[in-house]
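Notes follow the structure.
As written, the chains take the letters A, B and C, and residue 1 is the first residue of each chain.
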Amino acid sequence: MYEVLVAESFEAAHRLVGDFGPATRVHGHTYRVEVAVRGERLGDDGTLYDLGKLGENVKGLAAELHYRNLDEVEGLAGKNTTAEAVADFVWERLAKTLAGSGLSSLTVRVWENPNACAAREDRLPG
Amino acid sequence: MYEVLVAESFEAAHRLVGDFGPATRVHGHTYRVEVAVRGERLGDDGTLYDLGKLGENVKGLAAELHYRNLDEVEGLAGKNTTAEAVADFVWERLAKTLAGSGLSSLTVRVWENPNACAAREDRLPG
Amino acid sequence: MYEVLVAESFEAAHRLVGDFGPATRVHGHTYRVEVAVRGERLGDDGTLYDLGKLGENVKGLAAELHYRNLDEVEGLAGKNTTAEAVADFVWERLAKTLAGSGLSSLTVRVWENPNACAAREDRLPG
């Protein structure tokens, strides 16, 4: 099994609703998002999936979230913007681009800081 | 599948017994322990498991091991305090806290330095 | 399940052939290679596999690739030296050493920089 992974950062504000103590105050993070795809075979060009192309996709998504309040971003507004929810948001967006590419699974990992992250990992539609 | 992960550090001494060369001398590391839990569904609050709550648990365990000689810690004394053994120790302690929480698995990763680690990953009791 | 992992770095030049934009120019990276082995049980000495011994193997391989042009290294010459191909090269070399050691799988992860990597993960021959 092969995997390729790219990472990007963005800086954004958010707050949680519920029993989350100081995290219910508006605050922010330098988020790091790691995106990994998996598959069984390399192509004739020696890649599973072009790192540069995957990097451009992730860079675009990170740019959309940079210097934003996540609680106001379409697709996140109205939800609790936990790291899990942000991973979900990125996963759904990238899965649309990657479906049908022959890759078997997609993992999106969202770090709020170097000591805390959430991830979603699921199979990609064929 | 979702995962949340938190990390903490502690500084401790230890020595190995057996054919381990310089590691048989008393020495120490700035250990980094990463704890990840996995599960299938997010709760209504948008979390798999509250990162803050998991962080408090891991912080407490790291504090117990900080500035100690691992070879004298109850639960490790009498064992060879390899990174695998430390991962085991932390796994067993956290599994007691997390069992029955609906999470499917627990991974504990113990870094002795940024270039060497051991991990234990196993299903949690339901 | 247990895992142990070691990492080493090497600095090397390469170029890609094909539709890879600026990556078709001769350039280079400070590569970081992470090698992880997995297995079910710890030995009587408290290890899955001696971190020091695994580290020596990986250090030797990294030394072979250090300050080289990967496109001229035997086993890589004639291939597109993508991160996937480098992971493959390291995987095949280490699998020969580790086969029959009772370990179940081997993962080799090759970082071209802190934001891009490729990995190969497969079962080891028994």
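Heads up, the rule we're going with is that contacts are C-beta pairs under 8 Å (C-beta built on N, C-alpha and C of every residue); 3 or more make two chains touch, one makes a residue touch a chain.
For reference, the UniProt names are A, B, C = 6-carboxy-5,6,7,8-tetrahydropterin synthase.
Keep in mind that what you see is a predicted model, and the values were worked out from it rather than measured.
Taking shared numbers over all numbers used, the chain A to chain B interface scores under half, which places it in the different class. Fitting chain B to chain C on CA positions gives a rotation angle of 120°, reported to the nearest 5. Measuring from the averaged C-alpha position of chain A to that of chain B gives a distance of 26 Å. Multi-chain contact residues, meaning those touching two or more other chains, do not occur anywhere in chain A.
Those residues of chain B that touch chain C in the shared complex are 16-21, 23, 79-85, 87-88, 109, 112, 114-122. The touching residues of chain C, when paired with chain B in their complex, are 1-8, 42, 45-48, 50-52, 55.
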